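Two complexes follow with chain A in common, the first pairing it with chain B and the second with chain C.
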Partner chain A sequence: MSLLEVENARVAFPTARGLLTAVDGVSLSVDEGRVLGIVGESGSGKSVLSRAIMGLLPRSARTGEAMRIRLGGRELGALPERELRRLRGREMAMIFQDPMTALNPVMTLGDQIGESLRLHLGMGRRQARDRSVELLAAVGLPQPATRVDQHPHQLSGGMRQRVAIAIALACDPRLLIADEPTTALDVTVQHGILDLLQAQSRERGMAMILITHDLGVVAGRADEVAVMYAGRVVEQAPTRALFAAASMPYTRGLLASIPRIEDAPGRRLEAIGGRPPDLVSPPAGCAFSPRCAHASDLCRRQAPGLEDGGATRFACWHPALEAAE
Partner chain B sequence: MADVAAPMPAAVEDRHAEAIAAHRRRRRLGPMFWIPAAWLVVLILAAAAAPWLGLAPPDEIDWMAIQAPPGVENHILGTDVLGRDILSRVLHGARVSLTVGFAAPAIGVGIGLALGLAAGYFRGWVDEVVGILIDAWLAIPGLAVLLLFSAVFGGSLSMVCLSLGLLFIPAAARITRAQTLSYANREFVLAARAMGASDARILLREVLPNIVWPLMAFVMIDIPIAIVVEGALSFLGLSVKAPTPSWGGMIAEGREHIEDSSWISLIPTAVMFVTVLSFNLAGDVIRRRFADTREAAL
Partner chain C sequence: MNALLRRAGRLAVVLAVVTLITFLLVAALPGDVALDIAGADATEQEVAEIRAEIGLDRSLAVRYLDWVSGIVTGDWGQSWRTGERVWDAIAQRVPASLELMVLAQIIAVSLAIPAALLCARAPDGRVDRAIGFLAFGSVSMPSFMTAVLLILLFSLTLGWLPATGYEPLSAGLWENLRPMILPALSLALVEWTALMRTLRAEMIGVLQENYIALARAKGMSDRRILVVHALRPSSFSMITLLGLQVGRLMGGSIIIEQIFGIPGVGRLLVTSVFSRDFMMIQGCVTFFALAYVLANFCTDLAYARLDPRVRGLGGKAGAHG
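The block that comes next holds the complex of A and B.
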């Protein structure tokens, strides 16, 4: 049994124009201590999926009847809010995209880290403070004993994200969801944060879901990658296999759009033409078909299911099964 | 790793120290704060200690000095029509004014804060109910409420505080609601929920500390308003009853003698003017400071 099992996740939001289906039947699982990368562009449903796992969807969200989310075998949807609160922070934690707003501006770092230690582990003030210093040191913040009494505005973006990670790691969760953890950071800082996340997940045997729009982020860091498009997983494969031979044209397009150092100077970047579909009234058939060079009548008529092909799964009628050139 | 501190070269360190010094200078509050603040501190202390300052009791009649001008023996600020010591009466009157000045905004902001927090955080029907309550409350004419309260419960200091305090609720609730709305959707609130915090915890630990300062700025405006309104009420005889001294009452008592003994009215008027001005000036400085620090934090 996997640590996290998501079955048939379906989340929709009522809008003025109609029901917007943000996540449309996603099933995936993460094993203990493994790293799953979820890749997709803005609006592909990856953040909504992570909120659904944490049980933090906005009140207006409608979830599908058949949605099942299990953490360590426990069905989260069946738990009362009180029980769910006990799991959040303790068993599953989350870090967010923008470290500038993810920390409370009027609380010291120590108080913010200590809060969950005191809430979940019943630590006293002193003990929580000492542990906070250790955690700040563990996430690579210089002078943790001084920093612990500082406020967020005294830190750079990269440091704040390290603090956010320290908060998330405080109670040794079994699952960490990192929602675009480096998107708001300088390129030079991104690498350090990703290395830190990877090192911490290995050290603690903590499973991690790494959500990003950047395939480069998951390369070499995730064990497995799921590509999302228009609220669905369109391809899922072990990272190495995905980079070696993507089957689904959208994934291939994403891979082709990564600039390579060997490219001749001045070479135009590959781009995927068109725009993501309108999720209030998605196209019939495959959601990617309007942008797909290989789309046939079948694609436009009927949406392909996620074929279970062993380690690699993909949703496409015309997969490219040969290795990418 | 980019965010590890490296030892700084001396030149950089100098510039650093300079920037810190400039920052400290900017953080200084300046005379526009300290002079009014000093007046308020002196007034508050004197009012609190009034019975023990060796002054004549505020209702003691000195038959030897009726309507004595300021500066006569034993009566630094003179006496009123009944020969009562004006300094003593001003200080005892300050107790009434300051009590109302602090208590009324405290009551109004206290209730408004609770309503605004609930409305801004929970939204939905709570927000609607609070909105209707506030609109209804605003539709009641404030002066009528004050007159009604003082007519029915007249003369009691706590009733003056309560009726005035009720008038501050709508604005306090709206400010709190607006601030809460802007903070309730911040990522750190979501992050707190992701850490397993309950609604109550989020409201008290995450949202409230962030909206306390804008509310304090609002309180700083309310205090002088409450003092002025209490003055007007006591001038009309609708606040505390004689012989308890109040500034407004003293002004009213002296108004018939304004031509021959102007100090009887002018002294309490001047004290009230300076006090209200002081609250406004000090409040302005604090508000501006608060705006600066907020910009720095964002």
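The block that comes next holds the complex of A and C.
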């Protein structure tokens, strides 16, 4: 049994123009201690999916009736809010995109980390503070004993993201969801944060969902990658296999748009033409068909299902089964 | 240090303007004080003597400068009517006024905070609308009207609280508070609404912040998120308003002290106006201006305590102050 099992996740938001389907029937699973990368451009539903898993959707969200999310075998949708709160922060934790706004500006770092320890693990004030210092040291914050009493504005963005990681790790969760953890950071800092996440995940045997719009982030870090487009998983494969031979034209487009150091100077970067579809009134058939060079009448008429082909799954009528050129 | 000097400079300008305007207004009052004192059948000679005695025979400029220099050195002048020193008269009445206003603010804040929390939790929900409706009714009624209704209900009908009177603190805490409750409530029922609306609006914004989402992700309860995570960063506008409202509160207290027979500075001012006690009027108004500036200075200090980001900017002085 997998640690996390998501079945048929469906989330929609009422808007002035109609119902916006942000997540449209996603099923995936994460095994204990494994790292799943979820890749997609903005609006592909990856963040909404992560909030659905955490049970942190806004009140206005409508979820599908067939949606099942199980953590360690427990069906989260069936749990009362009190029980769910006990899991949040303790069994599953989350890191947000923008570290500049993810920390409370008027609380000390120690209070923000210690809060979880005291609530979930029942630690006393002193004990929580000592543990907070240890956690800050573990995430590579210099002078943790001084920093613990400081406020977020006294730290740089990268340092704040390290604090956010310390908060997430506080109660040794079994699952960590990192939603674009490095997108808002300087390139030079990104590597350090990703390495830290990977190291902590290995050390603690903690499963991780690494959400990003950048395939380069999951390369070499995720065991498996799921590519999302217009609220659906369109391809899922072990990372190595995906990079070696993507089947779905969208994934191939994403791979082609990664700049490579061996490219000749002045070479134009490949880009996927067109724009992501309108999720209030998505195109008939495959959502990617308007932007796809291989689209046929079949694609425009009927959406392909996610074919289960063992380790690799993809949703496409005309997959490129040969290796990418 | 620099900020402190600037503040002191601003205080001087405010006081100069306030004293000058007060002085001119009082001087422009129709009638002749000396004539009043002397009585209708006094001779011109007698009136002139009285005028010289209370210093009204000098030019406006000389009188103003004389009075202002007195304010600065601590001599606020003397009432021609009772012979009382102005400063002593004010100082004697400050406790009652201060207690009234502080109590009113405490009641207003303790109504505003829980109400705002309930509203911000589900904006436009049933609770939010009900509280908004209540607040609207409450603010629509002037404090003297509220006062009369409160007296009608709690003093005359129920007989729980006295309608008038004042007991010093030395008479015991409850004895002192009892007659203060209705007047303070009358003022608070006007003041709490603006505080509540301000806090509610800012809190709705704060609840959208990422750090609130993080607090939820940490498994914190709704109540804890509202009180521990959202209240402090939401309260800055309310704190500012709290300082600004001191002005309105002082205006309101003048009427309320009159209605409830509280021997405060506001009542002293009213009596002085009726008896044309010009030194006392000038003193009271100057005192109100001073109190207002001081209250807003305290507001700034509270700001620094609540927001660690301001502490850093204000230099070390604010950090532990």
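By our rule, the second predicted complex is superposed on the first by the 325 of 325 C-alpha atoms of A that agree within 3 Å, B and C clash if a C-alpha of one lies under 4 Å from a C-alpha of the other, contacts with A are read in each partner's own complex, and residues count from 1 in each chain.
Methods note: a residue touches a chain if its C-beta (ideal position, glycine included) is under 8 Å from a C-beta of that chain, and two chains touch if they have at least 3 such contacts.
The model shown is predicted, which means the values in this text are computed figures rather than measured ones.
Asker: Mind checking chain B and chain C on superposed chain A, clash or fit?
Answerer: In the superposition, chain B runs into chain C.
Asker: Per the contact definition in the header, classify A:120: touching chain B only (first), chain C only (second), both, or neither.
Answerer: Touch status of A:120: both partners.
Asker: Considering only touches as defined above, state whether A:143 meets chain B (first), chain C (second), both or neither.
Answerer: first
Asker: So which one touches more of the residues on chain A, chain B or chain C?
Answerer: Here the partner covering more residues of chain A is B.
Asker: Does the superposition put A:109 against chain B (first), chain C (second), both, or neither?
Answerer: After superposing on A, A:109 lies clear of both chain B and chain C.
Asker: According to the stated criteria, A:228 is in contact with first (chain B), second (chain C), both, or neither; which is it?
Answerer: Neither: A:228 stays clear of chain B and chain C.
Asker: For A:162 in the superposed arrangement: first (chain B), second (chain C), both or neither?
Answerer: Touch partner of A:162: chain B, not chain C.
Asker: Tell me which partner A:98 touches in the superposition: chain B (first), chain C (second), both or neither.
Answerer: It touches chain B and chain C both.
Asker: With both complexes overlaid on chain A, does A:189 touch chain B (first), chain C (second), both or neither?
Answerer: first
Asker: Once the two structures are fitted together, what part of chain A is touched by chain B and by chain C alike?
Answerer: Common to the two interfaces on chain A: residues 54, 56, 59, 85-90, 93-94, 96-98, 101-107, 115-116, 119-120, 151, 153, 164, 167.
Asker: Can you tell me which positions in chain A touch chain C when the two form their complex?
Answerer: 54, 56, 59, 85-90, 93-94, 96-98, 101-107, 115-116, 119-120, 151, 153-154, 164, 167
Asker: What part of chain C is in contact with chain A in the complex they form?
Answerer: 122, 209-211, 213-221, 228-229, 232-233, 306-309, 312
Asker: Going by the contact rule set out above, which residues of chain B touch chain A in the complex?
Answerer: Per the touch definition, chain B meets chain A at residues 1-5, 124, 186-188, 190-198, 201, 205-206, 209-210, 296-298.
Asker: What residues on chain A touch chain B, complex-wise?
Answerer: For this pair, the touching residues of chain A are 54, 56, 59, 85-90, 93-98, 101-107, 115-116, 119-120, 140-143, 151-153, 156, 158-159, 162, 164, 167-168, 186, 188-189, 192.
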